[in-house]
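So, here come the structures, one by one.
Below are two complexes that have subunit A in common, paired first with subunit B and then with subunit C.
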Partner chain A sequence: MLRYAMKRLLLMIPVIIGVSFLIFFIMDLAPGDIVDLKLAEEGLTYEQTEQLREAYGLTGSVFTRYFSYMLNFLKGDLGTSNVSGRPVLDSFLEKMPATIVLACASIFVSIIISIPLGIYAAIKRGTFADNASMVLSFIGLSIPNFWLGLMLIIVVALNVSWLPTGGFTKGIASVILPAITVGTGLTATLARTTRSSMLDVLSQDYLRTERAKGHKEFKVIMKYALRNALIPIITIAGGQFAVTLGGAVLTETVFSWPGVGRLIVDAVNSRDVPMVVGCIILKSITIGIVVLIVDLLYAVIDPRIKAQYAKRKRKTA
Partner chain B sequence: METMKSLHDPVLEVEDLSVQFVTEDETVNAVNHISFKLRKGRTLGFVGETGAGKTTTALALLRLVPNPGKVESKRIEVCGREVSAMTARQLEKYRGDDIAMIFQDPMTALNPVFTVGQQIADSILLHQDVTYGEAMKKAEEMLELVGIPASRQAEYPHQFSGGMKQRVVIAIALACNPEVMIADEPTTALDVTIQAQVLNLMKKLRDDRRMSMIMITHNLGIIADICDEVAVMYAGRIVETGTLVEVFNHTKHPYTEGLFNSLPNILNRTAKLKPIPGLMPDPSNLPVGCAFAPRCRYAGPDCTCAQPKAHWFSDTHTVACAAYERVGFTIDRPEKK
Partner chain C sequence: MSINNVTINAPATESAHGPAPRRYVRKTQMRIVLHQLSKNKGAMVGLFIILAIVLVAIFADVLFDYDRDVVGIHISQKLLRPSWAHPFGTDDLGRDIFIRVLYGSRYSVSVGVVATIIGLGIGVVLGAIAGYYCGLAEDIIMRFNDILSAVPSILMGIVIVSAMGATTFNLMLAIGITSVPQFVRITRASVLTVRNQEYIEALHAAGISEARIIAFHVLPNCLSPIIVQATLRIASAIIAASSLSFLGLGVPAPAPEWGSMLSLGRQYVRTASYLTIFPGLAILVTVLAFNLLGDGLRDAIDPKLKK
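Our next item is the complex of A and B:
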C-alpha cells in the first residue's frame, strides 16, 4: 500500500512537467505580455519597454525561459507576481483556505442530499418517486452555475436578506449560498451515480443472504449494500472535489469569493505569467493528491482492490 | 408426553402455497397450490427440473420472494407460528434463528467487502445476547466446525475457494442453531469431490443438532443419500410425495419414472439414456390439465381437461396423476422390494 502510494506520488513528476510546460507555452503564444499592458497604460518609450522585458525575464526563447523557471521551481521558488510583486506561493496559499472551505462545504451539501436520494430512487425503482427524483437531478445538472448563483443572490440575499450577497467575511453564513451553487450540479451527478450503482448491488445474491440472517431491511441497504456501491460514488465525488479545490471560477466570481479560481483568472487577464503557471502547477498537485487519496480509499472499501495493490507490490519487489 | 408430541408434530407445515410473479405482460405461476409437512429431525427432499419452483418455495418459507412475487397460502406454519402473519420485527427474529437457508451459488452468496468471520458473527449478534468479542469467538468455532481453520476468519470471501465458500455459507446458516435448515442445491456449484465432503458435513451437522432439513436438488443421488422423504416437483406442483423408499422403490408418477429413466445405469453401460422428451411448459402459460401430459407417454384425453386428483397409495405416499382413474393402470418401472 505504502509502496503503491509512493509510486503514485513519483508518477506526479512527469504530470507536473507536462502541465507546466503546456501552460508556459500557451501563455507565451497568447498575444501581448505584461509590458504591452503597461505600455498601453503608462505610455513608455521603446528603451523602457526593453528594460522592462529584461527585468521581467521575458527575453530569450520560450524553452530557455521555461528551463530557468523550472530550475527555480526545484529550489522551491515559484517566482513573484508581475502585477503585485508578491511571491506566487504566498498569494496562492492566502487564497487556498477560502477555496478549501467552499469545496468541503459544497461536497458536504451534495453528499448529504445525493446519497440518500440516490438510494431512495434505487429502492423505489420505476415508481413515481424514482422518476421524480431523477427528473429533479436532471434539472440540477442542467442549471448553469452562474445563473443559479445570481438567482440565489436575488432571492435569498437581496429580497429576504437572510444571507450575505458575497465575500467571505460573515463566517458560515457567507458559505451557504456559494456551497449550494457549486453543490447543485455535483448533487445531481452523485445522485444519479448512487442510484445506478445501488441498482447494480441491490440485485446481488449476498443481500438475500443478509436478509435471510434476519437483518433489518434498513441495515441491509445502508450497511451491506451501500458499502458495495461506494466505489463509483467516491470516484465521482472525489473527482468533483478535486476540481472544486482547483477553484470554482464562475461561482467565485458571482459571489466575489476570495478563492484560487478568481486568482488564476485575474492573473490570466493581466498576463501575469509567473502567477498563472505557479497556480496551475499547485492546482495540478492538489488534484493529483486528492485523486490518489480516492484511489487509496478504494482499497479501504474493497478488500479485493487492496489485494491487487499487494500483488503489484510483490511483482515489483 | 411432551417429548412424544414434539417428535411427531411437524415443525413446518405448508398448506396450499402459491407464488405468482405478476408483471405487466404476463403472470408467471411459479408455485401452484402445494402442501407439505416436515417433522422434527427429518429431511425432506425437493427434486425436480430447473424452473420447477423449488427455490421459490423455499424463499416463500422465509418470506424472501423477490418483487414482483405474490405469495398466497392457507397456512405456512414454522415451529407453530404462522409466517404470513408475522410483522417485520417478528420476521427479523424468525429468519436466521428459527429457519436458515443455504443458498445455491456460494460464489455470489457472500458479501465481498466483509470478512467471513464478520459475516458469521453478524448472524450470532442478531439473535443471541452476546458481545461482539463473544460472537467473533463463536464464529471461529463455527468455522472450525465446517472444517476451516479459525485463523482464516479475518479473510475475505475472494480468498476462499468455491468449496470453502460453501462451507462458510453453511456456517452462517447454522450459526444460530435453526430449527429448520433449507439447503438450496448446496453442491451444484461445486466439483464432485467437494460435493461429497460438503454433503457429509451437512449430514453430520444435521444429525448432531437434530435439525429438520429441506434439501432442494435436481440430483436423485443426493436425495437417496440424505433424505427421509421426497417431494417431486413439476411446473410448480408436487406431483409425487412419499418416503424415500416409496418414491424410489414404488414409483408411481410417470414424471418420477422419467427422472429415474434419464439417469445413466452403472450396471448396463451400453444402454442409451432415455431422456424425457420435450420441455417443461412455460409457467406463464400452464395448461388447464396435467402440466406433464404433453410429455407423458401414458397421457390420455382424460389428462388434459382438469388438474389430476391426488391418489393415496399409503398414509404418506401421494401421487397426482389422472391415469390412476383407469382400472388396472401401472407404469412400466418395476416395483422394488
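Our next item is the complex of A and C:
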C-alpha cells in the first residue's frame, strides 16, 4: 500500500508543474499587473515603475519568470505577496485552518443528514418518504450555495438573531451557518449516492441469510448492508471534502470567512501573481493528498481491496 | 451504419375483415428514449419549465423595453417592497425586479448553454482523439485533463475571467473551459467501448478515412452519455455563471444577470431582503429544471441507472 501511495505522490509532480504553468500563463494574459495598479493609485514616474517591475520580478518573458519561480519553489520558497509583502506560504498557512474547519464541519453536517436519509429512502423504496427525500435532495443539488447562505443570514442571523452573520470570531456558533451552506449540496449528493448504493446491496442474498439467522433488521442494515455500501459513499464524500477544501470561495465571501478561498479572490483582484499561483499550487497538492487518502481508506473498509494490495506485494516480492 | 436502430413489433389491430396484417414499426433508439422520457413526470416538469424560460428569454425584447424597463433609472420608485405594481419589488435605482428577473433569463440561460457548447465542443474532440487513437495522443490529452481537473473549477473560472476581463463572452469561455475535463473523460470512455467493434473494422477495410469514421460512425454511437452530461452541465454552468457574476467577475452591470442582481441585493440584505430572494429563486428553479430533465434523460437512456 505504501508503494502505491508513493507512486501516486510521484504522479502528482507533473500535474503540479502543469497547474503552476497554466495559472502562471493565464495570469500573465491579464492586461495589467501590480505595478500598473500602483501607478494608477500613486502616480509613479517611469523610472519608479521600472524599478518596481524589477523588484517584483516582472521583467523578462513569461517562460523566464516561470522558470525562476519554479527554481525558488523547489527550494521551498513560494515567493512573497506583491501586496502585503508577506511570504505566500505564511499567508496560506494562516488562512488554511479556517478553511479546514469549514470543510470538516460541512462534511459532518452532510454525513449526519445524508446517510440516514439515503438509508431510509432505500429501505422505503417507492414510498412517499422515498420520493420526498429524493425531491429534497434534488432541490439541495440545485440551490446555489451563496444564495442559500444569504437566505440563512436573513432568516437565522438577522430575523431571529440566533447566530452571527459572519466571521470566525464566535467559535462554534460562527461555523454553523457556513457549514450548513456548504453542506447542503454535499448532503444532496451523498443522500442520492447512499440510496443508490444501499439499493444495490439490499438485494443481495447474504442479507437474507443474516435475517434468517435471526439478526435484528437494524443490525442487518447498519452492520452488513451499510458497510458493503460504503465504498461509493466514501468516494463521493472524500471528493466533496477535497472540493470544499479547494473551493468554498463563495461561502467564504458571503460569510466573510477568513479562509484560503477569500485570500485567492483578493489576490486575483489585486493581480498578486505569486499569491495566486502559490495558493493554487498548495490547494492542488492538498486536494491530491485528500483524494489519495480516500483511495487508501478503501482498503481499511473493504478487506477485499486490502487483500489485493497484499497480493500485489507478494507478487513483487 | 448505426447500431442504435431496433425493430419492435407493433400490436396487431382488428378490423371488419378479420385481423389486420402485422405492421412492423421501426423504432429508433431516439424514439424509445423519448417515449421513456415522456413517462417521467419530473423530466416533463423540467422540460416544461425550461421551455417557458427559453420562451421568456427569446421574447424578452418584445415584452419589455430594455432601456426603459430593464436598466432605466426611476429614483422616485427606489427600494419599493413587493406589491401588485412591482411583484418582486424595486431595487436601489427604482428598477422593477420582476422584469429584471424575467429579462435576466436571457443572460443566465445563454451563458449556461453557450458555455456548455464550448466545453462540449472541445471536450468531445479531445475525448474522441484520446479514446480512438490511444498511445501518445491519449497520454498527452489525459495528462492535460488531469491538470485542468486539479484546480477547483470555480478558482479556474475566477483566474480566467479576471485575466481576460469580465465580459459575457469571457465568462462563457471560462465556464466552458472548466467543463472540458468532464466531457473528455465521458467521451473517451464511450469511444473506448465502440472503437474495437467489428463495424469499425469493416469501415477501415472499406478504406474510409479515420476522421470520417470518428465523426460519422464512432461519435454518433457515443452520444447518449454525452447528451445527459451536457444537460446536467448546463445546470452547473448556470450556477457557475451566477457565482462569478456574484463575485463581480461575470456579466458587466447594468445587465440583469441573476448573480450580479444577488450581489447588489447583498448590500441591502438587512433592509430589502426581497432583492436577494427572487433572483436566487430564479436560479434555483432554472437549475432544478435542467437537473430534472438531465436525470430523466439518464433514466430513459439507461434504465438500469433508474435506482
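The rule is short, and it goes like this: the second predicted complex is superposed on the first by the 308 of 317 C-alpha atoms of A that agree within 3 Å, B and C clash if a C-alpha of one lies under 4 Å from a C-alpha of the other, contacts with A are read in each partner's own complex, and residues count from 1 in each chain.
Convention: contacts are C-beta pairs under 8 Å (C-beta built on N, C-alpha and C of every residue); 3 or more make two chains touch, one makes a residue touch a chain.
The structure presented is a predicted model; accordingly, all values stated were derived computationally and were not measured.
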On subunit A, do subunit B and subunit C fit together or clash when superposed? fit
Look at A:Pro144 in the shared chain and tell me whether it touches subunit B only, subunit C only, both, or neither; answer first, second, both or neither. second
In the overlay, answer first, second, both or neither for which of subunit B and subunit C A:Arg227 touches. first
Using the superposition on chain A described above, determine whether A:Ile287 touches subunit B (first), subunit C (second), both, or neither. second
Subunit A residues touched by each partner, larger count belonging to subunit B or subunit C: C
Touching A:Arg86 in the superposition: subunit B (first), subunit C (second), both, neither? neither
For the superposed arrangement, I'd like the angle with vertex at the C-alpha centre of subunit A and ends at subunit B and subunit C, nearest 10 degrees. 80
For A:Tyr206, decide between first (touching subunit B), second (touching subunit C), both and neither. first
With the two complexes superposed on chain A, say which partner A:Ile153 touches: subunit B (first), subunit C (second), both, or neither. second
Going by the contact rule set out at the top, does A:Lys7 touch subunit B (first), subunit C (second), both, or neither? neither
Between subunit B and subunit C, whom does A:Lys170 touch in the aligned arrangement: first, second, both, or neither? neither
Overlay on A puts the nearest Cα atoms of subunit B and subunit C apart, in Å, by 17
Is there a shared patch on subunit A that both subunit B and subunit C touch, and which residues make it up? none
Help me check something: in the complex, which residues belonging to subunit B touch subunit A? 62, 64, 88, 91-97, 100-101, 103, 105, 108-115, 119, 122-123, 126-127, 156, 158-159, 169, 172-173
What does subunit C use to touch subunit A in their complex? 42, 143-144, 146-148, 150-155, 158-160, 162-165, 235, 239, 242-243, 246-247, 262, 265-266, 269-270, 273, 276-277, 279-280, 283-284, 287-288, 291-292, 295, 307
Note: in the complex, subunit A contacts subunit C through residues 14-16, 18-19, 22-23, 26-31, 138-139, 141-144, 146-147, 150-151, 153-154, 158, 195-196, 199-200, 243, 246-247, 249-250, 253-254, 261, 264-265, 268-269, 276, 280, 283-284, 287-288
Contacting residues of subunit A [partner subunit B, same complex]: 204-206, 208-217, 224, 227-228, 301-304, 307
